[in-house]
Structures are given as structure tokens and as C-alpha cells.
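Each structure below is given as C-alpha cells.
One chain, chain A, links the two complexes that follow: it is found with chain B in the first and with chain C in the second.
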Partner chain A sequence: MNAIEIRNLRRVYRATIGTLRRHIREVVALDGISLEVRPGELFGLLGPNGAGKTTTVKILTTLLIPTGGQASILGFDVVGQADRVRPRIGFIFGGERGLYWRLSACDNLRYFADLYHMDPDRSRRRIDELLELVGLLGREDEKVEGYSRGMRQRLHVARALLHDPEVLFLDEPTMGLDPVGARELRQVIRDLKGQGKTIFLTTHYMFEADALCDRIAVINHGRIVALDTPERLKGYVRDLRVIELEVFGIAPPVIDQVRALPTVDAVSVEDFEQKQILLVQSPQGSELIPEILRLLDTARVGKVVVREPTLEDAYVRLVGGDRGLAQVD
Partner chain B sequence: MQGLIANLRIFLSGAVLSYVALFRWFEPIRYVASKIILPLNQILFFTLLGTFATGPQTASFYAIGNALQVAAISGIYGVTMSVGGERWEGTLIYLFGSPANRFFLFFGRAFVHIVDGILGVVMGLAWAALLLGVDLSQADPLAMALVILITTASTCGLGLLMGAVSLVALDTFFVNNMVYFLLLVFSGANVPLQNFPEAVRTFSYMLPLTRGILATRQIVAGASLAEVAPSLLGEAFIGALYLALGYSLFKSFEYFAKRRGRLEAM
Partner chain C sequence: MNRSTLRAYLRVVATVFLLHLKMQAVDLFVVFTVLIQPLLIALLAIYIQRDKAPDIAIYLIVGSGMTGLWSGLLFTSSFAIRGERWYGTLEMLVGTPTPLGVVMIGKVLASVLLSLSSMVVGYLMAAALFRFTLYIMDLPGFLISLALTLLAFVTFGLVIAPFFALSPAVEGWVNALEFPVYVLGGFLFPILMLPGWSTPLSYMLSPYWAAQALHATSSGSGSVYPNFPVALDWAMLLLFSAIYIFLSGRLFGMVLRRAKIDATLGLQ
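Entry: the complex of A and B
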């Protein structure tokens, strides 16, 4: 039996537009996705903002009712058997909210242990174990309002693990964490996988998915556009080279001109404070550089590097392929 | 049996922890201001205004009415903060994603506010006796204790309904203020019910507090528990009705929020 099964899952949101002349617009968040996650697998769901990642997690955690299709956790339907699903899953959504800031970490965990019907002896032992696992032992009696973002996120993980769930949903768990905090949390996720937990992870960070996940599904516009192991997903762009150009103040029309070059497969831009990194995917590699530099005539260009494609480049090709341009956070 | 014990734990820990976590006035200065100074001001304001307009013999009418009405501060504002606060804190999705029994989860939110409300009413009556000379010597202590308990609990029933409304409504405090002032005017705290037209009087009897205030005035005047029992039963029934309405709305909110994807919407 699979830990998670999704069949033709569909979710449409209805949004009301206008104040006086109100009309309803339908937004398709999930357009019939299907996938399976095996027990003990660490499965990643990647996609740009609005692709349908959080909607999928919300449906699987019984927090949202789908408009079509079916989903089950450990054989239990997430809508019709939600009461049997809830004790078997744990979940966290990214961000700092979702904890009682005026309570201590210990009181937060104690309360959630009660909500999951844990008896006091078991919950006391479990809370100590989890505080140690997430590195909050010694700080457990402090109010959460005094915690750093990373500490709050680790407390979220402890809360999700309290009742020792078989399946864990982590929706962008490292979002907003500093590099050290994110690395610590990734180690916790690895440890959980080592304990045999099934983990469903959504993330924006390719290296994170690459480092952690057994398999990855890429979702875009509510559809699964690829589902494979990280290594095989990288194979999607093995025929390409990536030219990375450091530019200062590149205009959007110039990006369109680069994209229009006949041998260019995809273009993406990463924005930093004063500079941008222009990423050009092409089978040509370094031979293309003079032509790109000619187009970047008015922009100041810094370092230029040609490198092998990564999972992120495969992702850009998959989600940005239809428009040739993907804005990466 | 194990299920019942687990649910009682949800009720009790939810009662205490939600009070500490979500009741925003739970800080020394804000607590004193909202639970001691505000009620005292209200009692003094209406009693002095009322006696100025109608004579010193009516001081007891206004002082007792407002001392009981103080229960609405805990019942309406406090309970609403403890239910609606889940949304502000972003914890609602984690509660609704848990297997916890929704009734115990919901009802536990009111428990400490009932205790808090009782203390508020006792303090209000003490102010009435100490500062305004209200004579409580004729009151049957058991009847008085029961009327305070039932009236505070029934007001918290309305508070639970308002708490459920706060999960749907965007401006909770506007609605709460409106309800608080409706009680101030129509519960009989400051205007004798016989002064209202029939239709308004009917509306007054649909509110919590109304029968409790009537019963308290009777008890202070020397009525026995048996004499005020019908009013107390009526008050308890009204409170239970509001609690049932609040719980139904809470359950409906959970269902529709999951259907429409608005569980986290602020």
C-alpha cells in the first residue's frame, strides 16, 4: 500500500471581483494531478508560486476539500475518512505563525499533545525527546515570542512530530531561515527519513530538493510536468550548457532579445540588490557568449561563467519552458 | 472512558492555555484597566447619572444592574478573543487538522472566562455595597452564588457565539461593541423592562443577562431561591441556546472554510 495516493486531484477556487458589479472568476489551482508516494520515501513537490503546492498539501492534510478526484493517506480517503487520516499525519506550513507566542515551547507542545489524545506520561517523554531532536532543550520554558525564526520553525517540526505520525507534510519548512538554521532543519529532515517516516516536502530551493528527496514532482499551473529522481530530472537538460552572466541593470526588452536567439532554450533572471544573474540555457555553450554580450551592449557585465546544468536548470526548463523565462526567487 | 478523559484534558488545557495565550488583556495593566477600572467606572457612571435623574432611592437598581452587566466584559470580549484569537495567531489550521473533539475544544475556550466573569461580578457588587451603599444583607448567599454563576455562564454562551462569528467577520470588535451596548440598553441593567414596548421587551428576554439581573434584584430585596428559580432556569436555557448556536456556527465555519479554502483568510 502506498503512503500517499492522488488520483486526478482537482481544486478550483472561486474569487469574487469588483465591489458594485461583482462577478465570480474561477481559478484552477490543481488541474487533475496524480501521483503516488511509497512508505518511507522523501518526496518533493517543486513549483513556482501559485503552482498548486500548498493547495496539494492542504488537501492531503484534510484542511481543504478538493473539487474533483481522490486522495488517500495510508489507504484512508482524506475527505470521507478525515478522522482516520488526522492521527496518522503531521504537518507544518512555512512561516512563523501557527504557534502560541505567549506560551512557552513546552506549553505549546503540551497543548498539542492533548489535542492528539496523548496521555500525560507519554507526552512528557515525547516532548523531551523532540526538544532534544530539534535543539531546543534548555530553552523550552521560554516564551515563543522571544524565539528566533529558526527556533520557531524547529518548534513547528517538534509539534508536527509529537504524536509520532507515519506521514509528515512539510510545506516550505526552510522558508525565511538563515543558512545555518536551514541546514540544521535539513539535518532534522534527514534524521526523520532515517527513522522511516514518509515525508512529503514542498520547497522553492532546488539544492534542498536535490539533497533530500528520493523523487521529485515538478508542478506548474496545477499540473505535474515531470516526476522522477533528482538525477534523472537533471537528465532533462544534459544536452544543454548554462551561461551565467553577472549584469548590472538589464532591461526587460534585452532579456527578450536574448531569449529570441535561435539556439537559446530558456532564459531566467535572478535578482539581487544591485545586480542580476542572467542564466541562459543553450546547447551551444561558450560559442554563444559573444552574441549575448553584443545584445547586452548598454548593460554593465561582470563575471561570465559556463557550467554544467543543475536540477535548478532542469526546473527552469520545465516550468519556464513555455514562456522561456522564469523568475527565480 | 479513555476518550472522555482525553476530551476532558482538551477542555481543561484548552481552557487554561487559551486564556493565557489568546486573551490579549492578560497583562497586569490591561487586566486592571479592563477588569477593575472599567467596571467601576461603568457602575459609578450609570448609578450617579440614574440617581441624578430619578432620585437616590434608585441607586440599588443601577448599581446591581451594572454590576451584573460587567459579566459581559469577560463573556463577550474575553471569550471572543479566546476563539477568534486562533485565527489571528494562525493556529486555527493546526486545530482543525488535529483529531481533537471540536465541542470540548470550543467550549473549553469559555471556561476560565466564566470564573473571571464571576470574580468581576462579585467585585462589582462589592463596589456597589462599599461605594454606593447598596444593602446586600437580605440576600440569600446560595441564591446569589447561583445567579452569578448562571448569568456569567449564559453571557459566555453569547460570547461563544460571537467568537464563532469572529471567525467569519472581519471586524470582530465592531460587532462585539454593538452586542455589549445592546446588552447595556436592553438587558434591563439601566432601563426598567416595563418602560419598553412589548416587542422590545420580547427582544430583551431573548438576551442573556436579562433574567439574571431581574433575579439578582429580587434576591437583594430578600427573595428566596425558590422564588427566583424560574428566572434562573430561563437564564440557563438562553445561555445553552447561544452556546448551541455558537457551536453550530463553529462547525459550519470549519466545513465551509475547508470547502471554500478560506481557513486562514483574515
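Entry: the complex of A and C
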């Protein structure tokens, strides 16, 4: 039996726009996705903002009813058998809301331990263990309102692990954590996998997915555009070269002209304060540079580098190069 | 439902009860609604009826206590689910194996018992400040009435909570429901003083029957039909509680299903 099974999942949101002349706009957040996650697998869902990651996780955690299709966890339907699903899963949604700020971390955890029907003796021991694990031991009696963002995120992790669930859903778990905290959390995630947990993780960060996941599904505009191991995803761009051009001010029409060049595969732009980095993927390497420079105002071009593609580039190619929202620091 | 689940639910009710008290006791709005406002009402009522006050003091204390009980119930219950949504905790709660209604029992119970303190404080104030001799006519009857009042109020709260989470459109009604119930419920003066057409409205309100029972057993006054024994009030409170329990189950089901379809468990 699969730990997670998704068949043709669709979700349409209806958003009302305007206050006076109200009309309804439909947003297709999931456009028929299917996938399976095996028990013990660490599965990554990777995609830009608005791709449908959180929507998928909300449906799988029984918090949202799909418009079409089915999903099941450990063989239990997430809509019809939500009661069977809930005790077996844990989840966190990136961000700091979802805790009782006027209560201490310890009170928050005790409360959720009760909600998960944990035996009081067991929960006391478990809470200490988890506080230690997420590095909040010693601060557990302080009110959550005095916590930093990262501390709240850690508290969420502890909350999700309280009842030792078989399947874990982590929606952008490292959001808001400092680099050290993020690295520690990734180690926690690896350890959980080591204990045999099934983990469904969403992230914007290619390197995070690469470092952690057994398999990655890349989602864009509500569709799965690739599903493979990190290694095989890298193979998608093995035949390509990446040309990186440092530019100082570039107009969108020019980017489109570069994209229209016959041998160019994908183009993306990363914005920095003073400059942008134009990334051009093509089977051609340095021989393409003169052609690109002809389109650009050469006075505004700095360093030009040709390099081997990374998993990051595979991702850019899959989601169509509009990487503006999905930057890696 | 087996016994271990039941035990787990009771533990949730107890925990929510304690944590909720912890949070409410420092909430200025709550303190004002359940403590200060009823005391102001009591003072005002004593001032208006200052000639008769020593004789009807217990009536005024019970009546103003009822206003605190009702306002506390109305405001905390109507905010019970919406508040969780606001803090982002509603999704967390719904995602656990405990039904939301069980959590709400703990919350409503805490706020009803907290509101009850306004009656106690009113009693102490009248005794200490005004040196009224306070005397409850039928203490056992009064305690039974109080217990049934709490039952009816808690179950009513379990209807109010999902009702006001149904749609943003009904949120505005909360304020409009506070004072009319003071009057229609006959908290501080008998409904005989009201026009005849409003009497059926009073009968449809459980707070009215609660006020009847509490007044009849404490001061012996307040019964519209003195030949009706207090047993009728008790029966009505039980009947209302049963209806509320039934309605509440339906409403929780409806609200949660709607929220999972409309994606309104969390704030977007």
C-alpha cells in the first residue's frame, strides 16, 4: 500500500472580486495531479509561488475538500475517512500563525497533546524530548508572543511530531529560519526519514529538495511538469550549457528577444540591487554569446560566464524560466 | 465512542477550560463584559429603585448577574470559532482527531463560569457596600435553577459558536442581540411591563426561563404566572438544552463542511 496516493486531484477556488460590482473569478489551483508516495519515502513538491503546493498539502491533511479526483493516506480517503487519517498524520504550514500566543510553548504543546489523545504521562516525556530536539528547552515557559519567528516555526515542528505520526506534511518547513536553524531542521527531517517516517515536503528551494528528497515532483500552474529522482532531473539539462550575463538594467522586450533566439531553451532573470543576472540555457555554449550581446546594449553588460547546468537550471527549464518569484539565496 | 475516547475528550474539555480561563482573565474586553458592565448595571438599578432597593436587592443582583451571563456568553461564543480562525489555529484544531465541538465545550464552559462570577461579585458588593441583608428564599431550588441555567447557557453557546461562523454576514448581529435579550429575558424587570406582542418572543428565549427560575427561587418574584411552579421553568430549560444540543451538532457539521469547501478554515 502507498503512504500517499493522489489521483487526478483538482481544486478550483472561487474568489469574489470588487465590493460594488462583485463578480466571481475562478482560480484553478490544481489541474488534475496524480502521484504516489511509498512508505518511508521523503518526497518533495517543488514549485514557484502559486503553483499549488499548499493547496495539495491542505487537501492531504483533510483541511480542504477537492473539487475533483481522490486522495488517500495509508489507504484512507482524505475526505470520506478523515477521522482515520488525522491521528496518523502531522503537519506544519510555513509561518508563525497557528499557535496560542498568549500561552507558553509548553501549554501549547500540552494542549495539542490532549487534542491528539495522548496519555498525559507519555506526553510529558515526549514534550521534553521534542523541546530538546527543536532547541527550545529552557524557553518553554515563556509566552509564544515573545518568541521570534524562527522559534515559533520550531515550536510548530514540535507540535507536528507530538503524537509520533507515520506520515508528515511539511509545507515550507525552513521558511523564516536562519541558515543554521534551517540546516538543523534539515537534519531533523533526515533523522525522521531514518526512523521510517513518510515525509511530504514542499519547498521553493531546489538545493533543499536536492539535499533531502528521494523523489521530487515539480509543480507549476497546478500541473506536475516532472517527477523523478534529483539525479534524473539533473539529466534533463545535461545536454545544455548555461550562459550567465551580468547586466545593468534590461528591458523586458529585450529578454523576449533573447528568448526568441533559435537555439535558446530558457531564459531567466535574477534581480539584485544594482544589477541583474540573465541566465540563458542553450545547447550551444560560448558560440551563442556574440548573438546575445548583439541584442543587448553592450555598455550595460558586465561579466559573462559559461557554466555546467545544475539541478536549479533543470528546475528553471521546467517551470518556464519565470524564476523571479522562486529565488535561491 | 469507547471509554478511552471519552476520557480523551474529557481531558480536552478540562485543558481547554483551564487554558481559556487563563487567556480570558487577562482580556480587558472580557473583564469589562462579564464583570464591570454587570456591576454598573446593578449600581444603576439600585440607584433607580433606591427606595425599594433593600427589599429587592437580591432581585437586582440576580438580574444584573444574568446580564453578565448573557453578554459573556454572546460575545465569547460568537467569537469562539472566528477567533481561532483569526489566530490561524482553527486549521490546527480541525486537523486533530478531536471534534471541534469538544474544544468548544471547554471554551464555552469557561466563559459561562467566568460570567457567573459577576453574580457573585454583585452579591458581595451589595452585602459589603450597601449592607443589604441578602437572603435566598429557596436555596436548594436556586442551586438547581442555577445548574439548569448553566446547562442551557453552555448548550446555547454551542449553537451560537457555529452559527456566527457560518458567514461573515451574520457577524454584525452580535451587538444587536445583547440588550434586547436583557429586556425580553425579564432580567431586571418583569416582562409584564412590556407590550403583549413581545411575550411570545420572551418564551422562545432560554434566558427568559432561566431568569424566571432564578428570580422565583431567590426573591420569590419575577414569575409572570405565580400559579406556575418553578418546575415549568426547569422543564423549559431542559427542553431548550436538548434542542440546542441537537442543533449544535448539525451546525458544526455544516460549518466545517462549508469551510473545507470554501477554503475558509484559515484566513487568506
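Please note the rule applied: the second predicted complex is superposed on the first by the 314 of 329 C-alpha atoms of A that agree within 3 Å, B and C clash if a C-alpha of one lies under 4 Å from a C-alpha of the other, contacts with A are read in each partner's own complex, and residues count from 1 in each chain.
Going forward, a contact is a pair of C-beta atoms (placed from the backbone, for glycine too) under 8 Å apart; a residue touches a chain by one contact, two chains touch by 3 or more.
Computed from a predicted model, the values in this text were never measured in an experiment.
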Would you mind checking whether chain B and chain C clash or fit side by side on chain A after the superposition? clash
In the overlaid three-chain picture, which partner chain does A:Phe43 touch, first (chain B) or second (chain C), both, or neither? neither
In the overlay, answer first, second, both or neither for which of chain B and chain C A:Tyr315 touches. neither
Between chain B (first) and chain C (second), which does A:Tyr236 come into contact with in this model arrangement: first, second, both, or neither? neither
Just chain B (first), just chain C (second), both, or neither: which does A:Phe200 touch? neither
Applying the touch criterion given at the start, work out whether A:Tyr147 contacts chain B, chain C, both or neither, answering first, second, both or neither. neither
So chain A touches chain B in one structure and chain C in the other; where do those two contact lists coincide? 13-14, 58, 61-65, 83, 86-87, 89, 91, 93, 95, 97-103, 107, 110-112, 114-117, 120, 159
For chain B, which residues count as touching chain A in their complex? 3, 6, 9-10, 13-14, 17, 20-22, 26, 89-91, 93-100, 105, 258-261, 263
Seen from chain A, its contact residues with chain B in the complex are 11, 13-14, 55, 58, 61-65, 83, 86-87, 89, 91, 93, 95, 97-103, 107, 110-112, 114-117, 119-120, 159
Which residues, counting only chain C, touch chain A once they are in their complex? 4-5, 8, 11-12, 15-16, 19, 22-23, 26, 87-89, 91-98, 103, 257, 260-263, 265-266
Which residues, counting only chain A, touch chain C once they are in their complex? 13-14, 58, 61-65, 83, 86-87, 89, 91, 93, 95, 97-103, 107, 110-112, 114-117, 120, 159
